[in-house]
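Note that the chains are named A, B and C in the order they appear, and that numbering of residues resets to 1 at the start of each chain.
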Amino acid sequence: MATGETKKPRVGLFVTCLVDLMRPSIGFAAVRLLEAAGCDVLVPAAQTCCGQPAYNGGDRASAKALALRTIAAFEGLDYVVAPSGSCAAMLKRHYPRLMAGDAAAEARARAFAERVHELTAFLVDVRGLNAVPGTFAGRVAYHDGCSGLRELAIARQPRALLGAVQGLELVELADREACCGFGGLFSIKYPGISDAIAERKTAAITAAEPALVLAGEIGCLLNIAGKLAREGSDIACRHVAEVLAGEMSAPPIARTQVRK
Amino acid sequence: MLAKIRAALRAGPTDESRRRALEARRAAPVRPPVPARARVPEPERLAQFKACLAAQGTDVLPVAQPSQIPGAVADYLRAHALPLRLRRGADPDLAALPWQDEPALVVTEGPARADESVGLSRAVAGVAETGTLVLASGPHNPVTLAFVPDTHIVVVRCEAIVGGYEEACERLAAELGSPALPRTLNLISGASRTGDIAGRIVKGAHGPRRLAVILVEECRDQRLVP
Amino acid sequence: MTRAASPLEANAAAALADRRLQRALAEVPGGFAAARERAKAALPEFEALRRAARDIKDHTLANLDLYLEEFEDNATAARTKVHWAPTAAAASDIILAICRESAARLITKSKSMVSEEIGLGARLQAAALEVIETDLGDYLLQIRAEAPSHIIAPAIHLGAADIAADFRRHHRQLPPERDLASPEALVSEARGVLREKFLAADVGITGANFLVAATGSAIIVTNEGNADLTLSLPKVHIVLASIEKVVPTLEEAFVLLRLLARSATGQEITAYTTFVTGPRRPQDHDGPEACHVVLLDNGRSDLLGTNLREVLRCIRCGACMNVCPVYGAIGGHAYGSVYPGPIGAVLTPALPGTHDGGELAGASTFCGRCESVCPIEIPLVALMRRWRERAFASGSWRQRGMLRAWALLAAHPRAYHLMARLAVATLHLLARGRGAFSRLPFADRWTRTRDFPAPQGHTFQRLWARQQRKQPP
């Protein structure tokens, strides 16, 4: 290496199971953004799921086992970045708690947690990114996923990045900190209640009249997009990374064609 | 029951170290934070007290001297078309007022009766923090006068207005000559109200519909000085 | 009293279909939540007070036995009779005995969640005692034989028209031509009727928001003043309070009082904050001749020293349910418990006799809004998770099986990735180019009310691996 050249940080992308299965374009958008922020991106193949379903379902033992595997999969990387507030919170806040009583594992989990970041928080707070590849002319609303908002204080960062998108007009939703009703398995364990909560969210979205609603959380997006589609709404849904990275070739979530 | 609690806390009944720790804590307490609004100095304190009372919808009747109280009360009752009858406790400060100056006003003494229309009490202190009146029950101040009548009028001296609740307790202890509390210590911050019907706030749900405060701004009479 | 015995989902369905309830839920909890935000914004020391309150509560709970002893000593010195009730039945027995002893016939009662919890009303009525709820909201429910649906505003599900109809039916002295059109008229009518009861009552029963160990006092707060009439007019005053209500000193009580009203309704303080210490003094002209405090355990001591003990910090402000999306959708009755909302989800399974087993804790999105507004920083989400852990450990093979299967698969990356590729490819094919499914055989619970987005067809891992192979290292 030439003298004076800073080594690029090696970032492990924690894809998240839902992005991996349902919408890989979010993963590619994340990669593009991380590279724009001057990082080398690696995607450890041994990763699967952060363990939230087990953890929140009360199966601590399985969650702990998954956590240890995840930590091992991301060994030796400078950062671990996830395009999801809930998965990042799981890795950053809850992995150490899962290891309580096991001093060695707890130490590993804490060291691991130090390196974990949610995507927009990483781009803004760690990499200082203030210019993004994407452009979008139109009204956009942003839904704050609860885990990212309350466990990782993510709110300012996605908005800062959206502010850098040429042509984009951001509108805030009424009661913007309200849950969308997804809650992981809650959405199918208590579908009636989940639906009622989702309706309040889509009513707020519809009232704001955006062309596009974004979030940093695929779970919320599947829920919101599914509800808006059932309501016959014209409002499109994407992950915030897609707009920021200019990765708009795929149709919006739950849509067949690309709409403006 | 105590044994069960101790078992849960893994503590023995003769665990002297715990008792000593509590003693130490009592002797040298860590004072919890007291908001700035409870420590407003004079003269802003009086203004804060009045502003809070106004926000509650409590009527404020300032008088320069205690001798003007009977007149202020009579005027207030007339202004609201209320009967010129009031009931007070045996409080010597209230008894010593020149009630004879308002002959039309019928003043009786004792605890509240069933259809009492106006009760008059003296507050031990007024708390500027939230516009709160501090009333201590006793032979001179029947507690029922604060709750049974339709209208409650409370006399407060300006120098009895303190910053926060903690100071009010100190003032009470000074007046009673002991830290022991009376049967009832009432902190009153407005007239009775409810929002239970269709979410609308309505006054006079059980307690007094109307609360008025007579603020004595000057004090020359010896008996009203502690 | 009507209390739902059916599972949460059935209750929830009924609640979601109840248009009057939904209208109330659209306004009232949010109104309280907004008022709380305003009160918080107006008090710069709010967060400092929250931390102090949490520490005060934790310290007290860690020394609960000693503080209860101190309370008993000081209360007794003020001539209060202190009773210890390990169970709900014991508490009701004690109260009944006191009522019999004083030949009571009419009892006035101010709001007490604990009295609901132990079913006191039913026991007193069974003993042919007339009991009148005096908190207006509770009174409205009493004449309808309904349970409260919110701990601060128990009758939020009722409209003015319902109440007028109830009064016409229930108040025998009410002339038919009397106007009951406005809330003012209704309050006036209730005031008149209840005034007679206050004055005639033999015994007054109140709850307590706090018990002060250093002075042997009970603190009772209201806006209506009904508690004050209940505790000053009758000959006998009974305070019913659960053991975790104790705070060490008046000074520490003020910290909690500064948070209570602000968190509950957004008021800085309620109209009436009353400290009672013992019965009337020898020279007093009014006040009760006897004052009793009944200390209730009913499952609280089982929580001490466990990983659920933070539940006991609760000061019953209701802030958690005012922001809870689940409560906001279904209201309080659907929980089938005296304590609804997030605090209900973590307290109810701990109470003897409730057959919840952690179901309420399962009905949460874990959004965390509740714990963000809790004045004493109860870690509600973590507590709900702990109940879920207990439920999982004792759950059926089937319930545990599904979660275990997913976790097992996720622990084997190659098998996982293979299964994932197969699943998404299949779903993508089934979608036939559409962006979402309006019906999906195994996902009916989702697709009943929402479309299910179709996956893009390949997994990210697969696409990434392909891309990596094309690029030179």
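Here are a few things to note about the model shown:
As a working rule, contacts are C-beta pairs under 8 Å (C-beta built on N, C-alpha and C of every residue); 3 or more make two chains touch, one makes a residue touch a chain.
Note that the coordinates shown come from a computational prediction; the quantities given were computed from them, not determined experimentally.
Listing every chain that touches chain B and chain C alike gives an empty result. Relative to the centroid of all protein Cα atoms, the closest per-chain Cα centroid is that of C.
Here the CA centre of chain A is 33 Å from the CA centre of chain C.
Our note on geometry: chain A versus chain B, Cα centroid distance of 55 Å, whole angstroms. None of the residues of chain B touches two or more other chains.
For chain C in complex with chain A, the residues that touch the partner chain are 8-9, 12-13, 16, 30, 325-326, 328-330, 362-369, 372, 385, 388-393, 395, 400, 403-404, 406-411, 413, 416-417, 420, 423-424, 433-436, 438, 443, 445-446, 448-456, 458-461, 463-465. Every residue of chain C that touches chain B in the complex is listed here, in rising order: 27-28, 31, 43-45, 48-49, 52, 56, 62-66, 68-69, 78, 84, 86, 134-137, 140, 153-156, 159-160, 163, 183-184, 186-188, 190-191, 194-195, 198-199, 214-215, 217, 223-226, 228-229, 231-233, 243, 248-252, 254-255, 257-258, 265, 268-281, 283-287, 295, 297, 301-306. By the touch rule above, chain A contacts chain C in their complex via residues 15, 17, 19-25, 27-28, 43, 45-49, 51, 53-60, 62-63, 65-66, 69, 146-147, 150-151, 175, 177-179, 181-184, 186-198, 200, 222-223, 225-227, 229-230, 250-256. Put simply, chain B touches chain C in their complex at residues 1-2, 4-6, 8-11, 13, 18-19, 22, 25-26, 29, 31-33, 35-37, 56, 89-90, 110-112, 114, 130, 132, 137-139, 142-144, 146-148, 164-166, 169, 180-200, 202, 204-208.
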